[in-house]
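Below are two complexes that have chain A in common, paired first with chain B and then with chain C.
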Partner chain A sequence: MAYVPLADRDAEMEMHHPHSFIEKYVWSQDHKVIAIQYGSVAVFTGIVGLVLSLMFRMQLGFPETTDFVDPNFYYQAVTMHGMIMVVYFLTAIFLGGFGNYMVPLMCGARDMVFPFMNMLSVWFFLLSVIILMASFFVGGGPTGAGWTLYPPQTAMEGTPGHDMGIILMLVSLAVFIVAFTMGGLNYVVTILQYRCRGMTLMRMPLTIWGIFVATVLGLFAFPALLVAAIMMLFDTLLGTSFFMPAVIEAGTALDHNGGSPILFQHLFWFFGHPEVYIVALPAFGLVSDVLSVHARKNIFGYRMMVWAIIAIGGLSFIVWAHHMYVSGMNPYFGFFFATTTLIIAVPTALKVYNWVLTLWEGDIRMNVPMYFAIGFIFTFIHGGLTGLFLGNVVIDLPLSDTYFVIAHFHMVMGVSPILVLYAAIYHWYPKMSGRMYNETLAKVHFWLTFLGAYAIYLPMHYLGFLGVPRRYYALGTTDFIPQSAQDLNAAITIAALIVGVSQILFFVNIIGSLKWGKKADPNPWGAASLEWQTPDTPPAHGNWGAELPTVYRWAYDYSVPGAHQDFIPQNVSEAEEPTVSDEHFDPDKDQSLADV
Partner chain B sequence: MTLAVVIFLLVVATIIFHFASPWWFTDIAADWSTIDLTISITFWVTGFVFIACNLFMAYCVWKFRQKEGHKAVYEPENHKLEAGLSIFTTIGVIAMLAPGLFVWATFVTPPENAAEYEVLGQQWQWQFRYPGADGILGTADTEFVSESNPFGVNPADPNGRDDVIVNDPDMHLPVNQPVKALLRSNDVLHNYTVAQFRVKMDLVPGLTSYLWFDPTEVGTYDILCEELCGIGHFIMRGSVTIDTQEDFDAWLANQPTFAETQSMAAPNLAAGQAQYAACAACHGQNGEGNQALNAPKLAGQQAWYIERQLNHFKVGARGGEGDTNGAQMVAFAGMLTTDEAVRNVAAYISSLPDTPAPTTVTGDIDNGYDIYDRNCAACHLDDGAGTWYTDAPKLSGMSDWYFVTQISNFRAGIRGLHSEDDYGEQMVAMATAMADAQEIADVAAYINTLR
Partner chain C sequence: MGLIKTVTEKPWERKGVIGGMRPEGAFDTESERVALVYFLVIASVVFSLFLVSYYIRMELPDWQPLSEPGQLWFNTGLLVLSSVFFQWARNIVVNEEKRNLYTAFFGAGVFAILFIVGQMVTWENLQAGGYYMTSNPANAFYYLMTGLHALHLLGGLWVWSKSSIRLLSGSEPKDIKLSVELCTLYWHFLLLVWLVLFGVLANT
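Now for the complex of A and B:
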């Protein structure tokens, strides 16, 4: 497809150019401001989720000191912690935050294709968070049905927040999905239609690939959650029986009949499993770029990395029922879902190999983002491998619903993506703020977070092997659970408190450096991708000044033989710097996706 | 550099932790050693990959750290290496998956000779049903559920007549006899888990799920619920005892059949009234209670609860160490020598005219409401009437000072921890919702408003 310039870009830019403080920072249509808004709301929500987790960890570790955590609040706290972290924090910050910031910059566009819709997206997201938080203040409090919201208990007496709490949760999710859809369509259209001249799909940085595939997953997966939420609202408010069989509530038969609780689980996990990759794929992309830049080496096996992202994305839609091996569904499903689940390990393992091989024969700069990126590889290997236990259906029998599950998914979709998040924030902070952060503080933050998180979750797997069930307010007297398990719980809580408190260092650093940080070089790491080549730092509205960039090469020309520097920016032409027509690889000759 | 060393040390520390950890699978008590074998295979394969990948990474981080004059190598791809790694990974995956699927095939097809029994989950307790002499369980439906028929067994189904009903959370099974557990729930999702048997499965209202195993070790094991089922999830406990065949048969013969539970004669109120004369001295002619004698009000309390507590006093599950007032009851309860006598007295007491007890406790009603609504109402109901379904006695209009004493006893571990007191331990856990004496009084004051 030939490059066709848009007819009147400047006039179009002018339409949403800010003219006042409010237009610039509140009702902004600039993708970078929206990204910061998305990120800030997500981080605020994430802090609520973190504080909740510390409260119920106190109950688990030191039950005699936590009079404020009664069984009712315990279940509300674990439920809200889970939902907040998965949906309102991780999904929002990777796609709403980094997606918004990176997509136009890395694609060489001036903004998103639909800036107004982008603005609506962030305000709908804020609305969904307000509705969610409101449930803390209504009678009965927020729902305590577990973040998976399994019916029929969600709306039944005996479950915390079974009246208003669950309704607000479902409405909030519906509003969030509306927000996500507006943002998601924007990312997809922008990536497909708004790339600058020369930016073929196979020249895009892996960050964009990760965000792109994750967004497509979201656009297919979230509707399943939306219909599930609406159907459950109907069950609760209108008395339908989608998910409600004939049941007895506190001795009285309810007026429901014939519904299927397992149907809800299928819908939930049809969303829920791709959701794991909606969080993980952007993290895979971001960390690939961070590793490549700081190792001064191209990402190893770029094409395989792209196809692995696509393969993982596709496979993620046919593995959902591995969350349901012991749900009472037809057990013969186990054969199919165990097989697909273990197949997904292959492309995932290849990504890990390629990250490590990117370090091989590199010239590794141990900058702060690199610490987090390498820490991520370590935790991700651990979390990925424990997934092979749970995915192998028969091993899930003893381990399902124990602490092993909690340890596994926190390692793989909590700790790992969050380490990437920090890697990415420290990596792009100089571009986003124009300042450098305090390196010592950042390294202390890394060590406390990385080692602390491993100290939390490694032992937790062993509670799971032992058979300690999850979602227990107290262990009570159980013959096979020794006192040492309770002591281990206390140790885990101490580690969690240290990790939780040490995040203050991050905020001090990031906020303080806005004022006191050294002025940053426009491209302090010597990165080749487009977002580092903007005329202004931080990039101004419209990103590229008078003229859009033209791209001549892929995003990974590091340490190219014969080049003047150890990196060649994507917008430097063949005339100025060599292109390696390597026998192994020539991104321009690879036509598989170039002309899409 | 530091990071390379730390990654290396973390790998070493992980290996040490693994071998030093006292936390590992419990000793297996069913014939599922194939599951343990699959875990071992997976463990060694993944353990190897964990060590190899991380040590290689640590080596790279150390070896290729930034050095003056050093430049990274430009090598975008290496097809041979990538293909090799793909094949190697695929082989590893097959090595783990194949045995897993074989074992799963065994799990989904219970053997022909497996004996069936039924597990019923309900908020928050376990009950069990055995098929009786005909070997067939009668059909059941929620529409038939009542206090006297908690399983909802269809009274018109002849197959259900001889079903053996175990209306408490302790079940028995014979050793070395494969069994297929049919799992049912009448309210929400539950999960039937015995760690020593390795297998678990959800109980789903509206359908019957199953699992099977072949118990191999005589002993008593905890049954836990492992699917979140509401606020009482963590206190939904039971136990399974694996007996020799003779012990099992003897135990089973002692349990009532469904027909027997349905044809029990109505309690004899006149006999109950005669027996009550001994109680009246302290509890009053009309069961109104007498605080001076530490005797709580009884009138209005549900019969099944009084019956259960009298039996607890009889076997010493209540009135033991630390409970001086309760100790007085042990002797009186002992006078009711037969189950029938206990039943008659309980029935008589619940027939007495119910007038609310005088209030003696004051406290912060708002705070009391807050705690009650969040933690107590799930079982004792919003109006404090209690219900057999959740094994929760009536609280409203009963003696508030007695409530305070009993909650204090639960908190102190004086009541509820005896092995015969199947439901008392639930209150030991739930009583922690009241942090101190003041909060107990607050809840009592709130309950006083429910009359």
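Now for the complex of A and C:
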């Protein structure tokens, strides 16, 4: 019986070819359009987060110039910056953006399993962003409780946005989780069920493994945030006391009684720590593929990479309380969580070694994506090592709530994923748009971003060692903070402004290249994975033309001895590309074959 | 074990087409069922986290146990009947029969609606008895968890109503077979969740 791919057998998969502009670009059910919509909304939100950070950096570096930043706005800005960057920008762009774009293409499917639900997902995401942004325009402004939203101060009179701001934040998060769940179900089921013929799980590119495990993590972790948000909404709106303890505010006892703020912290971090990996795992996957393609080598230790992704995913659920060492806990718990935290460094370090070994003796092409990918290895090692410091209870206690923590998590889950994001955008841009960008401009963008990121975050480690606390509107005059720390703060602000402004280069480049960029080759980097083998560039609706591809090999056949080119696409059969195996390769005899 | 075998395979050694009618590792069932099962896992996580929170919050000194109204036993009976009727409807469509399908399928939905109405009556009675949501965390958890369960049922009823319309507008049993099967699975799941919730609430 002839092979009929699942994707072509289901009645539901009759392609909904768009008939009008609105169907094509607004209410689109095409995963590629949805990916761009997701990405655009996420980038817009990210720009808001970036501008907020520049505003509070101005306050920290040059307080005399920033009349518009009062203490309330400062807290609102840091809160919104944190939440936007972690949830609405990074999560959304990696899973909503790259997840949507890559999953069907790399798996060899025509689209997601449930295109309509996929469309709903992006519109719910937009709704959540609108609700979040609305909080800037309501009385009291957005919440300023810190992105972790710890009770009881979220609901206290002294916290900016304690009335409407926090309610909108919680509702927005709940809507986001609904959107994520609809998208996530799609990615998981598509990866499991809609792979093309021959695409075994272990032939999937690491990008797909990263997205798959991250989505599974998200689907388990976001419920904790949902549960916490619902209970906090009840506390705020209806006056229950799930989290709110008895509080006397300005001499008056509030109506709450007996609630447990620590319970909220447990729920929040049960979501919050896997969230780090929800962002990091897709980044790990994407960067593995970028490194492999531009080093013209198969990824070193593919199976180990897959196991590491799964191990990190599993371990990420038993480390959450390392965010709560100073909240008060049984010392044995502290010991347990410190141990698991250090254990998770093992598969993570394994990945780093494998990336470096992928570069080892590779035929490295220093294309723009490779700059960002190698930059990522630096920043990730850097942020990862400071994580080992903070994972230990005794070192964490004095460093808690200092700039050291800020430096650590910005290096490891701010700068590093964003470098991967740029690597990925520069890598797949030719396929997504059909155009090439300006390489020089992109390299200038890299150096400004990479060196600028170090100029911002390296000094913060020293500030942290000095004991400079985070989340302070102004440091005032104290004995332990010398004038040089203030000067350092000013320097950090200057670096932040330069890095912030230099991102304009990126937007000029990718938007300008849509019009002026030269036409891109369908596979400009010579990549073996399936998304580069589409008949059209950018891929047309339905991705594969009349017939779905068949996969004959893994995604990393680079520099195979005896092959016609230095890569063999996944959909090239052995009959078309007879190759000799490594062991039997005789350079003298087989060189002529390799030269063909 | 299949999973271990899968992830220990050496993809650089295996060339050629692997897998037959469907990609290796795919489940031999409809995608909708895979998605629903996955959704049930997520819903279980949500309910479990509420229960964990319930037990943690219960330890604190201001907790006053709520004595659950006896009517919950009656409501539980309604939900059991709803599940039984769904199972009946499922057996009918799986055997590609039509007899009694209307009774079974509509009966299942009607019992589910009656269950929700029953739950609302218990909320009313509790309110009337002075057991407000804000007066004690035990009450708050009661309203929250039963409400969330009812919301899940409402979601199921939305799918049930869509299939009902299809059935009334002349669809053949085989056309709504998958829908009936998935509704049945979902209802059994929600019955199980309810039995756990009820068990916990009644014993604490």
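Please note the rule applied: the second predicted complex is superposed on the first by the 562 of 596 C-alpha atoms of A that agree within 3 Å, B and C clash if a C-alpha of one lies under 4 Å from a C-alpha of the other, contacts with A are read in each partner's own complex, and residues count from 1 in each chain.
Throughout what follows, a contact is a pair of C-beta atoms (placed from the backbone, for glycine too) under 8 Å apart; a residue touches a chain by one contact, two chains touch by 3 or more.
These numbers were taken from a predicted model, which means no experiment stands behind them.
Asker: Put the two structures on top of each other at chain A: do chain B and chain C fit, or clash?
Answerer: In the arrangement built by aligning on chain A, the partners chain C and chain B fit side by side.
Asker: In the superposed arrangement, does A:392 touch chain B (first), chain C (second), both or neither?
Answerer: first
Asker: Identify the partner contact of A:473: answer first if only chain B is touched, second if only chain C is, both if each is, neither if none is.
Answerer: first
Asker: Given the superposition on chain A, what is the angle at the CA centre of chain A with arms to the CA centres of chain B and chain C, as a multiple of 10 degrees?
Answerer: 100
Asker: Just chain B (first), just chain C (second), both, or neither: which does A:298 touch?
Answerer: both
Asker: Given the touch rule stated above, what does A:401 touch, chain B (first), chain C (second), both, or neither?
Answerer: First partner only.
Asker: Which holds for A:141: it touches chain B only (first), chain C only (second), both, or neither?
Answerer: In the superposed model, A:141 contacts chain B only, not chain C.
Asker: After superposition on the shared chain, which partner residues are touched by A:220: those of chain B (first), chain C (second), both, or neither?
Answerer: second
Asker: Determine, under the contact definition given at the top, whether A:242 touches first (chain B), second (chain C), both, or neither.
Answerer: Touch status of A:242: second partner only.
Asker: Between chain B (first) and chain C (second), which, if any, makes contact with A:193: first, second, both or neither?
Answerer: A:193: touches chain C, not chain B.
Asker: Between chain B and chain C, point out the one touching more chain A residues.
Answerer: Of chain B and chain C, more residues of chain A lie in contact with B.
Asker: Smallest separation in Å between any Cα of chain B and any Cα of chain C in the superposed model?
Answerer: The answer for the closest chain B-chain C C-alpha pair is 7 Å.
Asker: Residues on chain A in contact with chain B in one complex and with chain C in the other?
Answerer: 258-260, 298, 302-303, 556
Asker: Over in the complex, which chain A residues touch chain B? Could you list them?
Answerer: Result: residues 63, 67, 70-73, 75, 140-141, 144-146, 150, 152-153, 156-160, 245-251, 253, 258-262, 295-298, 300-304, 326-328, 331-332, 334-335, 338-339, 342-343, 345-346, 349-350, 352-354, 356-357, 359-366, 371, 374-375, 377-378, 381-382, 385-386, 388-389, 392-395, 397-398, 400-402, 451, 454, 458-459, 462-463, 465-467, 469-480, 482, 484-485, 488, 556, 558-561, 566, 580, 582, 584-585 of chain A touch chain B.
Asker: Can you check the complex and tell me which residues of chain B touch chain A?
Answerer: 1, 3, 6-7, 10, 14, 17, 21-26, 34-35, 38-39, 42-43, 45-46, 49-50, 53-54, 56-57, 60-61, 64-67, 70-79, 81-82, 85-86, 89-90, 93, 96-97, 100-101, 103-105, 107-108, 122-123, 141-143, 145, 183, 186-189, 191, 193, 195-196, 198-207, 209, 220-222, 224-235, 237, 371, 373-375, 377-379, 381, 387-390, 417, 425, 428-430, 432-433, 435-436
Asker: In the complex formed with chain A, which residues of chain C make contact?
Answerer: Touch list, chain C to chain A: 6-12, 14-27, 30-31, 34-35, 38-39, 41-42, 45-46, 49-50, 53, 56-57, 60-63, 133-134, 137, 140, 144, 148.
Asker: Report the residues of chain A in contact with chain C in the complex, numbered from low to high.
Answerer: It is residues 1, 3-4, 6, 10, 113-114, 181, 185, 188-189, 192-203, 219-220, 223-224, 226-227, 230-231, 234, 238-242, 255, 257-260, 263, 266-267, 270, 298, 302-303, 306-307, 310, 550-554, 556-557, 573-574 of chain A that touch chain C.
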